[in-house]
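Report on one structure; see the data block that follows.
In this document, chain identifiers A, B and C correspond to the written order of the chains, with residue numbering beginning at 1 in each.
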Amino acid sequence: MYPYFDIAHAALCSLHVREDLGSGGLGFTRRHPLATWLCTLVELYAGGMLANLFLGEPVLAPLKNNQHIILYTLVWYLIFYCPFDAAYKVCKFLPVKLAFSVMKEIYRTKKVYDGVTHALKVFPSGYLIALMVGTVKGNGAGFLKIFERLLRGVWTPNAMEILQPSFPTKACIAASIIFILDKKTDFITAPHSLLYFGLVVFFVYFKVSSILLGRAFGAKVAGESDKSGGESKPTADKKKE
Amino acid sequence: MYPYFDIAHAALCSLHVREDLGSGGLGFTRRHPLATWLCTLVELYAGGMLANLFLGEPVLAPLKNNQHIILYTLVWYLIFYCPFDAAYKVCKFLPVKLAFSVMKEIYRTKKVYDGVTHALKVFPSGYLIALMVGTVKGNGAGFLKIFERLLRGVWTPNAMEILQPSFPTKACIAASIIFILDKKTDFITAPHSLLYFGLVVFFVYFKVSSILLGRAFGAKVAGESDKSGGESKPTADKKKE
Amino acid sequence: MYPYFDIAHAALCSLHVREDLGSGGLGFTRRHPLATWLCTLVELYAGGMLANLFLGEPVLAPLKNNQHIILYTLVWYLIFYCPFDAAYKVCKFLPVKLAFSVMKEIYRTKKVYDGVTHALKVFPSGYLIALMVGTVKGNGAGFLKIFERLLRGVWTPNAMEILQPSFPTKACIAASIIFILDKKTDFITAPHSLLYFGLVVFFVYFKVSSILLGRAFGAKVAGESDKSGGESKPTADKKKE
């Protein structure tokens, strides 16, 4: 799937980091390029790193592919420091964002599937482990958000993913369960490829509708967290843009 | 030792999580069942997870036993969501709590012993490693308390175990040292089974007296931490009950 | 290099922990000797522990050498609890501090080299991994500073190393890059031993000049962090002494 899906993944993650910086973000990216780059890397590799930690493998192993790193660094550079902010504006343009999001969701399904398969190979009857690894591979950035912000010196303990699971987290949990059922039981009689395709459609459908129909999911979650959490949430700036 | 000791372990850990939630805990458990469940799991498996991290093994490996997870989930459900709060009240009833505590202390001794043995197998001359792994296996919940609270969005950096080591931590350190001496030197001439039994009696004796004689140890520690720490300590609610 | 370089390393790390405690440090070391000792150990072994975590090896593995631990504990005891504070005063005496710093920088070069070599053995083409492991081995204490402070109950999220990389961090990054280039490409035609020697000279030269010429690097960094960070920085006390 190299390099198109990776470009989409990198662009959306860089966008996410940039929007998470909030209104003072531009100055921050100028003053701390190293921290910005590392935060983007952590966001990009969050799923793989967490899954490796859970399964006792080298935490930095996902970084071993140099081609990916060069590509990601290029995309990161364009999103943050492109002249006239062109790359950022292009990525925020709805059709482009939509296409990238669709590609990212296809990628996400693959990552959940890889995570579940790998975990079940290491622990053949560890269903809960497979569920956790699959979820974390699919939405690692959500779970490492706190740590990624800490790398920039921002500490938001209430932004814990499991307190207000976002829609991708819930979808990844559901997808992991379905993949585990498919692998380990006979409950699911549909052929594997159909199942996989169905999950991709499910992910893409909800993502596209959440982008097109506006604040369907994202805003609801943000609204909830506003009520319960309160201050110290840089994500709240997203809505203003 | 399955399942009676595990029931005792799960019940006391669930109780501990529930009491740590403080006065607003009931609402929290209703709003965030996932976070409550994960916190209880982290508390239950804290020792194994930390020890595995220290020894370079898969952090999630302790979760591979599905029977344990089902049992723990059942106990967790009963403690938090049982109709009329029956399970909680039964567990708080002194004789039941006493019996569970005795079982948990027997279990604790076994865990310290397993930890020391395992660490000495991996690093035959790593006495400090064995000491740390044994301590952490015996009282993992204490060391992961900060992280477990973070999972619920509560951040209490002064609640660090090593700043005010609780009695179980000190006892686990002592037990680990005795086990290491027994395994690696000839200082201890008593037969191994007698030594093991003696340590069980030691753990049980202090636990029982701390429960029966009231605030012997727990309250002293809580009082100290009140003086030095101050606000942001949900454990302070324990005394009111 | 045992034991002279290790003594220098242990003395400087203990000094650093003691100075990081700030003005109320003396009382803290009396009340919490266990936390003080563990903080010093974490500072001493920070590089090895982080590198092992990154490469999927046992986090506590660096602690397996008992001779080192005894030596380090001895030095820690002398620095913190020596009668008349003699050891502390001797170490603060400029010629002694200079000698220790030179030895520590020689040690640092060795650690960066070991880290890069080891990482390249595990991931032969993982250049970024080797760079990270080398940097972290060379200046692990900087990256674990936040965690080390947390062990003492102090939480300073803005003291993130990558936000304001200190001079040792930048030097370690440069040294890692040079070692990787030397190992993997033909750009560097100088013999390996000359290169190694040159890096040692580079590290020592800057360290000595930073100590002798006063606030050349340290003060600049501290000044910057004062402007951007603000309160909750125990390191600020260093300048007063």
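The working rule: a residue touches a chain if its C-beta (ideal position, glycine included) is under 8 Å from a C-beta of that chain, and two chains touch if they have at least 3 such contacts.
What you are looking at is a predicted structure, and each value in this text was computed from that prediction instead of being measured.
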Rotation angle for the CA superposition of chain A on chain C, to the nearest 5°? 120
Specify, for the interface formed by the sequence copies chain A and chain B, whether it is same or different in terms of residue numbers shared by both sides, with half as the dividing line. different
So how far apart, in whole Å, are chain A and chain B when each is placed at the average of its C-alpha atoms? 34
Within chain A, the set of residues that touch 2 or more other chains is 56, 155
Residue positions on chain C within touch of chain A in the complex are 53-56, 122-123, 125-129, 132-133, 146, 155, 157-160, 162-163, 165, 229
Residues on chain A engaged by chain C in the complex (per definition of touch): 32, 34-35, 38, 52, 56-61, 63-64, 66, 69, 150-155
